[in-house]
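What follows are several structures.
Below, chain A partners chain B and then partners chain C, in two separate complexes.
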Partner chain A sequence: MSEQKLQSQTVQTTGHAWDGDLQEYNNPLPVWWVYTFYVTVVFALVYWTIYPSWPFGKGWIGGLSNITYVNSDGQTKTHSWNTRALLLEDMNRAAIAQKPYFDKVAAMSYAQVAKDPDMNGFILSAGKALFSDNCAPCHQAGGQGVVGFFPNLTDDDWLYGGSFDKIHETIMGGRHGYMPTFSEVLSPEQIDQLANYVASLSGIGHDATRAAAGNALFHSETAACYYCHGADAKGRKEIGSANLTDNIWLWANVPAASSAEGKVAAIRNVIASGLNKGVMPAWAGRLSPEQIKVLTVYVHELGGGQ
Partner chain B sequence: MNFNFKHEWIETNIGLLAVLTMLAISVGGLVEITPLFFIDKTIEKVDGVRPYTPLEQRGRDIYQREGCYLCHSQMIRPFRDEKLRYGHYSLAAESQYDHPFQWGSKRTGPDLARVGGKYSNEWHVQHLTAPRSMVPESVMPNYPWLKATPLDTSDIAERMKALRKVGVPYSLTDAEYKANVAKFGETVAKQLHIPNAQQSLIEQANFGNYDGDRSGISEMDALVAYLQVLGTMVDFGKYKDDAFVNDR
Partner chain C sequence: MQTGLEEQLGLYQKRIPIFTRSVKGRFRRFKTTVLLLAYAIYFLLPWLPWSRLDAPSQAVLFDLPGRRFLIFGLTVYPQDVVWLALLLFIAAILLFFVTGLVGRAFCGYFCFQTLWTDFFIWIEHKIQGERPARVRLYRQPWNREKLLKVGGTHVLWVLASFWTGMTFVAYYAYAPQLVLDFFTGQAAAAAYITVSILTISTYAAAGLMREQICTYVCPYGRFQSVMYEPETLAVHYDARRGEGAHGRASARTGQRTLDERHEKGLGDCVDCGLCVQVCPTGIDIRDGLQYKCISCGLCIDACNTIMDSFGFPQGLIRYDSEQNLAAPEPTAPRVEWKRLKTIGYGAALILMSAYLAYSIGTRGSYDRAVNQIRQPLYVVLSNGDIRNRYQVRITNKAAQDQTYEISASGIPAGALDLGNFREITIKPGHSGLVQASVRLAPELAEHTHHFELVITPKGKPSEARSEIVRFDSPKEAHD
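Let's turn to the complex of A and B:
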C-alpha cells in the first residue's frame, strides 16, 4: 500500500474524476520508446524519398533510387526502383555470368558438347537443375521413369529415337502416344493369342500354340499389328511404336507380375484397351533454346543416348 | 492539451468515441486501398485473360473445397529463382476474374500459378489420386474420391450468376453476350453464356476427357481442366521482357 501512495504523489493523473474519486494515472511513455518512435518517423521520411511511395494523380512518386537494366531488345533502360525492374537487372547479371557457357553450347555441335570435359561439368549442373524442375515430376529425379506412365530415359530403348536430334525434337514439341482399342475388333481369344506371342518375343513364359496363332494374327490384316510395330515387331521410331522384342516394358506392367500368367495378362490388358495417353507437353515456349539444348545433352548423357 | 482539448469529451460521448475510433482504424486500409482506384496501372493491359469456363469454374470450386490453397499459392513473385522455376511473374490482370483470388503465401507444395500445360492430364489424374506414385518425396494427401465422384453440374448456372454479381462478365442477356463476343471472341463468349452453362460444361468435359474415363464427368475432369488452364491465358511471347515494368 505504501508503494501506491508513493506513486500517487509523484505521477500526474489525467485530471478528471469519475464517481467522485475514481482517477486515472497519466504515465508518460518511456524515453527510449519515444526516441525510437522519432527514429522510425525519420526512417520513413528517408524511405519515401528513396523508394516509390506516395500515390500522386494516376501514378505515384517513384523515388530517387533507380535501376538500370538491359531489355530483350538490348536497349539499356533506367526505371525508378521496383521489383520487376530489379528482376530484369538480376536476370541480366546471372545471364552475363552464364553467357560464356551458353554461347559455347549454342556454337558447338551436340557431339562436341558431349565430348568437351569443361562443358560436361556445365551440362551436368545446369542440366540437373533444369531436369529437376521440368522433367523429374514425370520421368523421376534419376530419369528412371514410372512403368505404366512415363518412359525410362536411362536405358537405350527409345520410343521416338535417342539421337540428339530426336531428343531435341521430343522436348521441343512434346509427344502423344496412341494405340487403338483392340477389344472392339478382336475376340478375347485372339487378344490372348497376341499377348502370348508378344510374351514369346521377350522370352517370357507363354503357351506355344497360342503364341503361334498370335504370330499369324500379328502379321495378318485382321489385327494388323505389324503396321505400327513392324514385321519384326521392333517398333517404328518415327511414330513412337514400341519395340516388343527387348523385354523392356512401359505400358504393360510386366515386371510387377510374378507369374507368367500375370505377365501375359498385363500385355493382354494393353492390347484390349489400347492407349490414348503417353502425353508429354511441349517445352518450346517454356524454356529457352539454349536451355533445351542443355537438357537434350543431359538426357542423352543419362546413359542411353544414341 | 494546450488548446483546451479535453479527453473527457470523447470519454463521455459514446457517439463521438465511435466515430473517432472508426476514423482511426480506417486510416491503414484507406491509405493502402484508395489509391488503387485512381492509379490506372493497377491491372496491366494484356490480351488473353478471360473468365473461367463453366467446367474450369467447377474445378476451381473443388480446388477451394479441398483446401488446395492451404499448401499451394498462385502468385509467382518477380524473383530470379521463382522465374527460373515457375515462369513469368504473375500479373494482377491474370487474377482479375478470380473471386476470391488464390494468391496465398503458404507454400508447402509448389506454386501453381503456371502449372497449366506443364504436365499431362494423366499425370494430374494419377498425382491427385496417389501423389507419391509420381513424386516419391511428396507430402501431399491422396484425393482418390475425385475420380470416383460424379460432378454435380446442375447448379453451375447459379454459381455463375453469383460470380456475375461480383463483377465477372458471365452473360445473362443478349446484350451482355454480344459484348462478350466483342471482347473474348465467339468461342469463348459461348462458354461464358449462363443459359448455355450446363451444356458447355458437359461438352468441354466430354471433348477434353481430362480424367481419361469416358463413362461420365467426374470431379477429376473439372479439377484437371482448371489446373490445365492456370497461367496459360497470356501469351508472354507477344510481350517484351520489360513490358510490365512501368506498371509498378
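Let's turn to the complex of A and C:
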C-alpha cells in the first residue's frame, strides 16, 4: 500500500489547513479510554465526598463517612473515617468479643479455669498472645528463658514457688534476686572449695577433699551460705534462693560446659561475683487483673505448675 | 468503517449484531437437553433440603463463616483443600482430553457463556420473533412496537441475570432465609455486592457481548485451539464435496439434482446461507476451521435440514478430522483415540479421579496434628529427667460430638502426662487442643528418639490412629 493511498484512506484530519496544505491529523483517543477517564473523574468526586480528602485550614475535610465504635469503657465514639479509627474499631470489637471470656476467667478459681476444656483453649491462645507481648522478651517465646539471665518457666523448678498464688504474686509484684559478691569476703581457694561442694550436691564431677572443705564452709559463719540456701542447700522459696541440689541451673551455665572443671568454674564465677541482675518488673497496673490471671494460668501450665 | 484500516485495528472490532435463526436437529436437541439439565441443577440445587443436626438443612451449602463446605452427606474442611486441587486438575485434564478427541465440545455444549447466551437468544426469539422479524425490528426506527419488544427483552434478560446472581449467592447461605433477608434489606453486604456484580456481568456477557466474550475475553477458547491435532474431530465443511470443480451454486432449474450439478462441475453446496444464519458467533463455516467457531454443531443441523429437503446425502457439514478430509479416500468420521497424547490424558484422568474418590472414600472422621513444642525442644527437670512437650490438635469431622483419648506406645506407662485433660470432647466441625508432655529418665531418654502417640475416638477403637513423634534430649546425653 503506497504512502499516498494510506493517507487518503485511513487518516482523518481535523479539517483545518494552514499555509494552503498543512493539515493536522486527527487521531482521537479510543472511546473506551475516554469513558474510563470520565468514570475516574466521577469516582474521584464521590471519593472526595465520602472519605477525608483535602487539607482545610488546620485540619482537613473529613468526608461524610463515619466510624462508630464502643470502647472498653462502654462509651460510643464517632470519628470521621480514617485508618486509625478503623484500627480502634477493630481493636475494640475484638476486646468486646474477648470480654465474656475474661469475665468468665475473673469469676472462676484457678483450679476451675485449668480444668475447663473451653477455658483451656482460651488460655492457650490469649495467654500465648499476652506472654508473647509482655514476657517473651526476657523469658523467650516458649518460656524457656536464658541460662545466666532469665529463669526457665517450662521446667519443674520454681524459685519463688509454682502454685497459682505464688505465680500470681510474682507477676503482680515482680522479683529481685540478689546474692552477695563473695570474692570480697572469701579467698579464691575458699570459693573453689565451695564450688566443688555445690557441684557434688548435683552429682557433678568434683574434688572430694575440696568438696568436704566446702561443705564445712557452706555451713560456717564465714561464708554463711546456709542463711539463704538452707542447711540442706535446697533453697528457700520465700526469698527465691536457688535449690543447689537439683539439675536446674539458672545463673551458672553448667549445662554448657563440657568438662567437670568447666562446670565447677562456672559455679565458681557465680559465687565470686554474686548476683544483682535477677530483676523482674511488676506487672500490676500495666496489665488488667484478668490479663494477669490468664497469664498466671498460662505460665502455670507451661511447666506443669505445683 | 474505513477500508484499509483493518490491519491496524485488527485487535478489536465493534460488535456487529448477530440474529441467529432457530434450527431443529440432533445437535440442537443435545444442546437443549444439556441446557435444561444444567439449569435444573444450578437453579434448584440450593433449594434441595437435607437434614443436618448442626447446620442449616440445605443439601449444598458453602458455609464460609463456618469454614466448611456442606455437600450432601460430606463436610469439607479447609484442610481438605487438596481435593479442590485434585478437582481443578481433573477438570483441566478432562478439558485437554476431550478437546484432543472432539475439539471444543466444552465451548459448544457445556460452557456457561454458551448456555446463558443460548437462553438469552431463546428469550429474544420468543419476544421478537424469528430472524427476519428481528432484523426488521433492528432496522426500523424507534416506535412503540420496537420499544416494547426490545425493552421487554432487556427486562427479561435483567431478571434472568438477577436470578442467576441470586442463585449463586444462595449456595453460600441458607437459601430461604437469604432470599427473605435479601428483599427485606437485611442480608449481608457481600450478598448485595455479589448479586449486583453477577447481574451486571451476566446481562453484559450473555445479552450484550455474547460471542465477543469467546473471541476477545476467554482464554480457554484460544488455548484449546493449540490442542487440536490432525486427527481431532471438529465441525468441518467438506469443501471437496461442497465446492466441486466450479464452486458452490444455488439450486436453480437445471442444477437441482445431484446428477445435473455434478455434470456441470458444481459442488453440493446450494449456497443457501443457512449455516451462517444459525451460527451464534456469526461466522461462515465454509471458510474453514477458525478460532471463532465454538463447535456448537448448529450449522450441521441447518445443513442437514437443507440436504434432506433436496434429497442430497447429509453430512456436507459434519464432525470430521482434517486428516480424513484431506485423505484421498475419506472414510466415515470416527473418534481417533489411539494417540499418545489422548491415552496420556486419559490415564491421568483415570488416576486422578480414582485418587480423589479414594481420598474422599477413606477419609477419617477426625483430623489430627501433633506438634512438638520447639521452644524449648526439651527441658531438664530437677531430678535430671528429660521432658518434651507436644501440642495435639484434633478436628472433629464427624456430625456429632466425639470424645478422644490419647495414649502413647514405645515409652513406659506413666511417662505421658496429659495434665488436666485425660480425654477431650470436641463438637462437630471444631478443633480441640491438648497439651501433652512426656517425661523420661536420662538413661531412657538417651535411647528414645521416637515414640507413638495414639489418638482413639472413644467407642471406636478401629478408628484409632497413631502418629510417630520425636523425642529430643540434651546433646551431651547422646555423647
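Remarks
By our rule, the second predicted complex is superposed on the first by the 247 of 306 C-alpha atoms of A that agree within 3 Å, B and C clash if a C-alpha of one lies under 4 Å from a C-alpha of the other, contacts with A are read in each partner's own complex, and residues count from 1 in each chain.
Everything that follows uses one rule, which is that contacts are C-beta pairs under 8 Å (C-beta built on N, C-alpha and C of every residue); 3 or more make two chains touch, one makes a residue touch a chain.
Note that the coordinates shown come from a computational prediction; the quantities given were computed from them, not determined experimentally.
Applying the stated contact rule after C-alpha superposition, one finds that A:T83 touches chain B and leaves chain C untouched. Touch criterion met: A:N152 reaches chain C, while chain B stays clear of it.
Of the two partner chains placed by the overlay, neither chain B nor chain C lies in contact with A:G20. After overlaying the two complexes on the shared chain, residue contacts for A:K115 are found with chain C alone; chain B is out of touch.
Shared-chain residue A:G74: touches no atom of chain B or chain C. Once chain A of one complex is fitted onto chain A of the other, the partner contacts of A:P137 are limited to chain B, with no touch recorded for chain C.
Set against each other, chain B and chain C differ in how many residues of chain A they touch, and the higher count belongs to B. Once chain A of one complex is fitted onto chain A of the other, the partner contacts of A:P281 are limited to chain B, with no touch recorded for chain C. Put simply, chain A uses residues 140 to touch chain B in one complex and chain C in the other. By the touch rule above, chain B contacts chain A in their complex via residues 6-8, 11, 34-35, 38-41, 77-80, 83-85, 87, 89, 117-123, 126-127, 133-136, 212, 237, 240-242, 244-248. On the side of chain A, the complex with chain C involves touching residues 1, 5-6, 9-10, 114-115, 117, 120-121, 124, 140-144, 152, 154-157, 243, 246-248, 255, 258, 301, 303-304. Put simply, chain A touches chain B in their complex at residues 14, 16, 55, 57-60, 69, 71-73, 77, 79, 82-88, 90-91, 94, 129, 133-134, 137-138, 140, 146, 149-150, 276-277, 279-281, 285-286.
Residue ranges on chain C touching chain A, taken from their complex, read 2-5, 8, 373-376, 379-384, 387, 389, 417, 419-421, 424-425, 432-433, 435, 437, 474, 476.
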